[in-house]
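In what follows, structures are represented as C-alpha cells.
Here chain A shows up in two complexes: once beside chain B, once beside chain C.
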Partner chain A sequence: MSEVRLVNVTKTFDAVAAVRNLSVTIRDGEFVSLLGPSGCGKTTTLRMIAGFERPDQGEIYFGDEVVSSGEKNIFLPPEKRKLGMVFQSYAVWPHMSVFDNVAYPLRVIKMNRGEVKETVDHALSLVKLEGLGSRYPHQLSGGQQQRVALARALVMEPEVMLLDEPLSNLDAKLREEMRFEIKDLQKRLGITVIYVTHDQAEAMVMSDRTVVMNEGLAYQIDEPRKIYEQPADRFVADFIGLINFVECEVIDERTVLLKDGTGVHKVECGIGDFNKGERAVLAIRPENVSLGAGPIRGTIKRAVYLGNVLDYRIMMGKIELRVQGEAGVIYNEGEEIDLAIGRCLLFPPQAC
Partner chain B sequence: MSSVDDRVPKIMKQGRVAPWLYVTPALIVMSFFIVYPMISTVLLSFRNADSTLPASAACVAGQPCWGIFENYRYALTSSIMLTAFRNNLLWILLMVSGTVAMGLLIAVLADRVRYEKTAKAIIFLPMAISFVGAGVIWKFMYDYGSGKIQIGLLNAILKTVEAPAVSWLTQPGINILALIVVGIWMWTGFCMTILAAALKGVPTEILEAARVDGATEWRVFWRIILPVIMPTIAVVITTMIINVLKIFDIVYVMTGGNYGTEVIANRMYLEMYSSFQSGRATAIAIVLIVVIIPAMIYNIRRFQEQEAMR
Partner chain C sequence: MRLPRREEISVSYLVLGAAILVLVILVAWPMLLLFVNTVIVDSEFTTRLWREVFTRRQNYTALRNTLYIGVLVTLGSTVIGSFFAWLVGRTDLPFKGALKALLMLPFLMPPFIGAIAWETLLSPRSGYFNKAFMSLFHTTTPLLDVFSTWGIVMVESIYFYPFVFITVAGALERMDPTLEEAARTAGAGMLKVMKDVTLPLVSPSIMAGALLAFAASISNFGIPLFLGMEKGFFVLTTRIFIYIKTQSASFEGLQLGATLSVFLLLASGTAIILEGRLLGGRKYAILAGKSMRPHIVELGRWKPVFLALCLVFLFVAVLAPIGSIYLVSLLKVYGQPVRWENLTLNNYYHELFKDSMIRGALRNSLVLSVAAATIVMIVGSVIAYVLVKTRIKGRKVVEFFVMLPYSIPGTVVAIAMLLAWTGKYGPNLYGTLWLILAAYCAHFMALGVKSAAASLEQVHTSLEEAARVSGANWLKTFGDIVAPLIKPGLVAGWLLVFIPAFRELTTSVLLVSTHTMTIGVAIYNRLEDGYFLLATAMSGIILLLVFVGNLVITRVTR
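Let's look at the complex of A and B:
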C-alpha cells in the first residue's frame, strides 16, 4: 500500500505555524503536487513526510502504518521509511562517481556486486545517463546531475517518491523536457509521487491533483483543471493563472451590476450563494473576455504582442481589465473597442 | 594598446620604482629579523663551539670526522640526538593522532547537543594557557612523593584504591606518555575548532540524501562526512606535525629533558645555553628546519588548493 495520508498535521517553528491542520490523502500511484508561494509550508510538509521534521500535532500514515504522530510520540526515522527523495540542490555526493552515487542505497542493504551493477545500469538507462557511470558530479551539467539524483531515488524501486522543487535550478527548455520525462517515468513505474513546486505550469502539467497552499493552510485540493476553472477561493483564483477582480452588486439570480465610474454594466454570471443586493467581487480570466462585439465599450490602454496572443490593458470606464486576444486580429492603443464578458466567478468582497 | 594607457589618470599610474618603495620597510624588517639570523645560523653551524675556528677543529683523532660538517655529524648521529629523534617520532605519532582524533570526536559530538558552545569552550580553554603554565599544572598532577603523603592528584587517587604510587615523570616509558598527554590536553581544542568549522560546512542535504537512502549514522559519518572534510583533516594533521616538531616548553618545565624525555628543541637549547656549543646548537636548528620544510610545503599547497576551489 503506497497511500500517504496526512491527518490534521500541524508544525510550528518558534511561534510561527508553518503548517496548520493539513489533511490530505495521496492515493496509490497518484502524482500530487504541493503548490504555493514561498513560505506557504509546502517544503515543511514534504520534510515531515520524509521524516526530517516531526509534526507537533496530527498523524502521518503510510498505508495503515503510522510513521509520525505528534501526540502519541511515534516516529519512524527517514532511513526506515523506504522513500526515494530528490532535493532541489540535487545533493549528489561530490566525492563519489555517478555509479557510486546511484549504487549507494543498494550497497547499504548489502546487495551483491553483480546485482548492483545490473540495477544501477537499469536506473541510469531510465534517466538516459547510460555510459556516464564513471564520471564525477563536477564533470556533469546541472541537468545531468539532476538525473543522477533521480536515478538514485529510483534505484530502490520505492513506492513513494518525494521531489522538492527539483527543476528550479534548470533552464527553461530543460525544465519543460524534464517535466515530461519525470511524469512519464512516474506513470510507467506506477510510483506515488509528492512534488513540491512554486511553478504553476509544472503543477498543472504533471499532477493528477494539486494542493494549493498559503501560510500553512491548504486552500484547495483538486485536479488542476478544477483549480483553474473553479477556484475555491479568491487566493487560489489569484495565484493560479491571471485574473481580473472587479467589484459588483448582485441584482438577480443571474446578473450582477458593475459600476465602472462612468456608467453601469449588467453582466451575466452565476451567482451561487449570493443574495440580491449583496456586494461581491467578479473574477474574470483574461481569455474569457471577447473582443470585437459586445455590450461594453472600452478603450485600449496598452497592447503587447506576445506572438501567440496579444496582451491588452483595456479601460472600461475607470476600471482596468487585462484581456488576452488572439493573434489574428490586432487592436491598437487608443482604439475604442466593444467587449463582452464571458465565463466568470463571484467571490465575497475582501475582508479588509 | 597604448591608448588605454592614455586614458588612465596620471595619479593612478605607478612607475617602476613606486612598488619597491611601498615594500621596502617590510623588506628591511624581514631582512633584519629573519634573513640575517638565518644566514648567521647557517654560518655558525660550520664553526666550532666559540666560532673561532672552523668546525673541523673539534675533530678528535681516531674517531669518525665529517670535516666542516662535524657539527652535523653530532646532530645526526650522536646517541643523545638519536634518542631525541626517537622521542620526537613518538610525539608525532601519538600527539598528532591523539589531538586530531579527539578533536574530531568532540566536534562531531558537540555538534549534536544543546550545550554545544559550552562544551567547545571548555575543551578549548587549555589553549589559552601558556605551555609553561600547563607544565606547572600537570607537574602537580603527576607529583610523586617518596614518603607517605602524595600531593599529586593521580597518585592520590591511586592511594585511595590501595595501588602503589607511580613516579610518572621519572619512569622511562611512562614519562614520555605522560608528557604527550599534556600536549594532547593543550592542543585538542585547536583541532576541534577547525574540524568543527569544516563539519558545519558540509551541506545538510547531502546527509539527508544519505539518510533517506537508508544509511545509519555510523555509515553517514564514515562514508559521507569524513571524505568530504578530508582536505581540512589533511591540513590539520600537517599543522599539528609542525607544532609537535617544535615542542620544547612542556618537556623543559616538567622534566628538563632528563630521564630520556629529551626532544630536538630541548637539545638545541641545552647545547646553546648550557654547554655553550653554538656550532652544535645551530646545526641542530638547521636539521629541525629541514625536517619541517616538507610538512610546510604540503600545508601551503593544500591551502592554495582550497583557496582555488572557492
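Let's look at the complex of A and C:
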C-alpha cells in the first residue's frame, strides 16, 4: 500500500527540463535517497510526489492508486495524499507554538482535544522535544526547529515521509547525529522514506537505495555499495567519492595500456563491452592504488596528512594520480616510489 | 476522481478576472478617455486642442517653470538627502538612530501643510525667520521671500529630500561592507574608498532617489498653489487647475486640461520608469542578503562640527516649521507677538465644533479615507496574492495596470475621473463622494498592492505547503497560516493609504462640490477666504493625526 511508483515522469519549467522520464519504484518500508548536484531535479521530483507540481507526462502511484497522471488528467491535491513532509527551510509556522505546530494536522481532521494532546506529546517525545510544547519557534535553535518539523510530519503516522535536504542547514556535528536519529525513527516506525540530499555521505549512510540524478535524469538506482563499486557511468563514478580518470587503450580482454607521456604501462582490468584497440577512460579510486611495490614508478608531488589516511598526489610521468595510503607508512614530497593499480573500471572516452 | 486543483485554478482565474475588471473601471478606462479626449472633439478627430494648448504663452511658461523648479529641487534634494544618508549611515556620529528618525519627519508632512508652515516662517513681512533677520541686521529686506521661485524650490527640497535619503540610506545599509574592507586592505585610505568603492556602488540609488524627487516635484500641486499663485507664478499642475476651475462645467476646459496633463504624465512617467530600471538592473549585484556591520568612517575632531550641522538643519528645516504652525494656530490675531495674553484655543474650538462646513469636510474625508483604504487593501491583497504566489498567465498585465497610477500625478487622475464619470460616457457621479472615492482607489491602489505584496513575500511558500501536506486545503491554509502572518502588514498598509487619503488635496480639489468637501480642500478654502489662523489650526489637527498614525504603523510592523 505504501509503495510509491513513478512511471516515466517528466516535468518542464518554461525551457528547463527539470525532470526527464524518471521511473522508480520505492518499496514499502524502504529508505530511498534522491542524490545529485544542485539543480538536478531532486526537489521537483519530491514536490511532484507531494502534489505541489503536476507532472507534464507520466504517472505517480501510491500502491495501486494513481495520484498523478498527465495523460489521464488525474491529480490528487497534496492535502489528500496523507504524506509527512519535512522542508529544507523547516517551514515551522512562526505564529504558532511548538505544540500547535505539531497538533495542526490533527486539528485539521478535528481530532478531540484529549487525543490531540496525547498524540502530540508522543510525537514530541519521538523527536526528543518533551516539555518544549509551549515554546515559540523563535525561541528554538535550528536543530530544535528541525525536530519540530519532523514531529509535525510524523504526528499523523504517515506511511510515506518526504524529506527535502532536512539537514543541510545544521552544523556538521548535529547533522551527523540527526542522520542516525532519522534512520532510527524510520526503522522503528517502519515507514517508507524518500530523502533528498546533495550530500553523498548522507545518502550512503542512510539509504537502502539511492537514485543518482543529473540534469533531470536518473543515472543509477542502486544500493549505496553498488553505486560506489560499480557506478553505471563516468558521472556517477565522479560524483560519488574520489576517483582518478586516466585515458587508455584496450589491448586485450584483460589489459589496457596507459601512456603517461614518458612511458607506457600495462594495467589489468576487466574490459566488459569494449573491443581491442578501442580508446577508453580508466577510473581508479584512490584507495585502490597500493604504494611501496609494483610495476609503475611515480614521484610524490604532495602529501597531506588527514589523520586516518595520507592523501597523496603522485606524478606518474605526466599523469597526476590522487592516492590514499595508510597513515602507518609516510612518504615524503619528492620521494620516488613504486606503485600498483588494483581494482579499476573502464568508461567510454567522451562520456561525462 | 475529483480534480480540486483544477477548480482552484479556475477560482484564481475568477478572482483575477474580478481584479482586472476593477482595474479597468478604475484605471484603464479613465486613462484611455484621457488620451482620446485630447484628439476627439464632438466625435471628430482634431488637433485643435493641441494647437490651442501650444499657442498659449502661459502654457509654455508653466511648462518651463515646472521643469526649472523640478531640476533645482532635484539638485537640492539629492545633495541634502545623500549627505545626511551618509552621515547617519556610515559615520560614527552620536545619536544616529534619533537623528535618522527626525530626518524622516518631513516625509510624513503633507507638502501643502509644509507650505503653510513655511509661510509662517518666511512670509516677507510677518514670517518669524524674516522678522528675526530684519531686526537682527536692521534691514527691511527679508532673508527669503517664501512667495518666490526660490521659496518654492527651498520648501519643495525640504519635503522631497527624504526620497533620496531613504533610497541611499537603504543602499548603504545593505551594501556588503567587505567590498569596502577589501579596498582598505588593498591600501586605499578612507576617503579613497569612499570615492572609488562606496560612491560608485550607491550611485544608482542616488540617481533613483533623485528621479523620485523630480517626479514628486513636478506632480506637486499644494506648494505651488499656496506659494506661487499669489504672484501669478504657475506650474503645470496649477495651470491645469486654472483650466478646470475657470472654465468649470465646460467640457472644453476639461479637454484642454487633459491635453496639458498629458505632458505632466509623460514627464513623471518617464522619471518613474527610469527609476525602476536603475534599481531593477543593478540592485542585486552589490547587495548582500544579510545585514552586516557597516564600514564606519571616523569623523574624529570633525565630529562636533557635523553634529552641529545636523542639529541646526533639523531645527531650522524640520522642527521650526512644525513648531511654528502650532504657535500661530494658538494666536488670537495673526502677526501678534507670542505672549501669554495673546494665546487662545479658540481657533481649534471653532474648527472642531463651530463650523458645519468643516464638520462636513471632516466627515467626508473620514468616510472617503476609511472606504478607500479598506477597498484598496482588500482588492490589493487579492491582486498581490495573484502576483506573488501564483504562476497564472496574465498577471504581468495586472501588475502594469496596478502600478500605472503610481506614476500618474493626482491632478491627472482627477481629470481622467472627471472625463469618465461625469455623464458623458456613463453615469454622472459629479457631486457625489463616489467620484472622489473612485479617484482615491485608483490613486492608492499601487500602494495597497505593494504593501500587501511585501508582507506576502515574507511568507515563504513552504509555510503554506507544510499546511497542505498536513491535510488543509487551500482556503484553510489561507485562513490558518497566510492571514495571521500578513495581518500586521495589512494593518500598516491600511494606515499607509488612510493617512494620505485623509489629508488629500491635489485630486479632491478638482473633484469636490459643495456637499463633498474634503478636509484638504477646506484648508485651501480657509486660506482663499483669508482665515489664516483657522487654516493653521486645522493643519495642526491633521499633523497630529498623521504623526499618531505613523507611530501606530511602526508599532504594528515591528
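Here is the rule we go by: the second predicted complex is superposed on the first by the 350 of 352 C-alpha atoms of A that agree within 3 Å, B and C clash if a C-alpha of one lies under 4 Å from a C-alpha of the other, contacts with A are read in each partner's own complex, and residues count from 1 in each chain.
In this text, a contact is a pair of C-beta atoms (placed from the backbone, for glycine too) under 8 Å apart; a residue touches a chain by one contact, two chains touch by 3 or more.
Note that the coordinates shown come from a computational prediction; the quantities given were computed from them, not determined experimentally.
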Handout entry: Clash-or-fit label for the pair chain B, chain C on chain A
Key = clash
Practice task
Once the structures are superposed on A, label A:S125 by its partner contacts, choosing first (chain B), second (chain C), both or neither.
Solution key: neither
Practice task
Considering only touches as defined above, state whether A:I74 meets chain B (first), chain C (second), both or neither.
Solution key: second
Practice task
Could you say whether A:S134 touches chain B, chain C, both of them, or neither, answering first, second, both or neither?
Solution key: neither
Problem - Partner with the higher number of touched chain A residues, chain C or chain B - result: C
Exercise for the section: Please indicate which partner A:T262 is in contact with in the superposed arrangement: first for chain B, second for chain C, both, or neither. Expected result: neither
Exercise for the section: Once the structures are superposed on A, label A:R54 by its partner contacts, choosing first (chain B), second (chain C), both or neither. Expected result: second
Problem - Clash with chain C, by chain B stretch, listed 26-34, 62-70 or 170-178 - result: 26-34
Problem - chain A positions touched by chain B in one structure and by chain C in the second - result: 50, 52, 77-85, 87-89, 91-95, 104-105, 108-109, 149, 152, 156
Exercise for the section: Under the touch definition given earlier, write down the residues of chain A that touch chain B in their complex. Expected result: 50, 52, 77-85, 87-89, 91-95, 104-105, 108-109, 149, 152, 156
Practice task
Spell out the part of chain C that touches chain A in their complex, as residue ranges.
Solution key: 1, 3-6, 8, 460, 462-463, 465-473, 476, 480-481, 484-485
Problem - chain B residues touching chain A - in the complex, by the definition given at the top - result: 203, 205-206, 208-216, 219, 224, 227-228
Completion exercise
chain A contacts chain C in the complex at 50-52, 54, 73-85, 87-89, 91-95, 104-105, 108-109, 149, 152-153, 156, 162
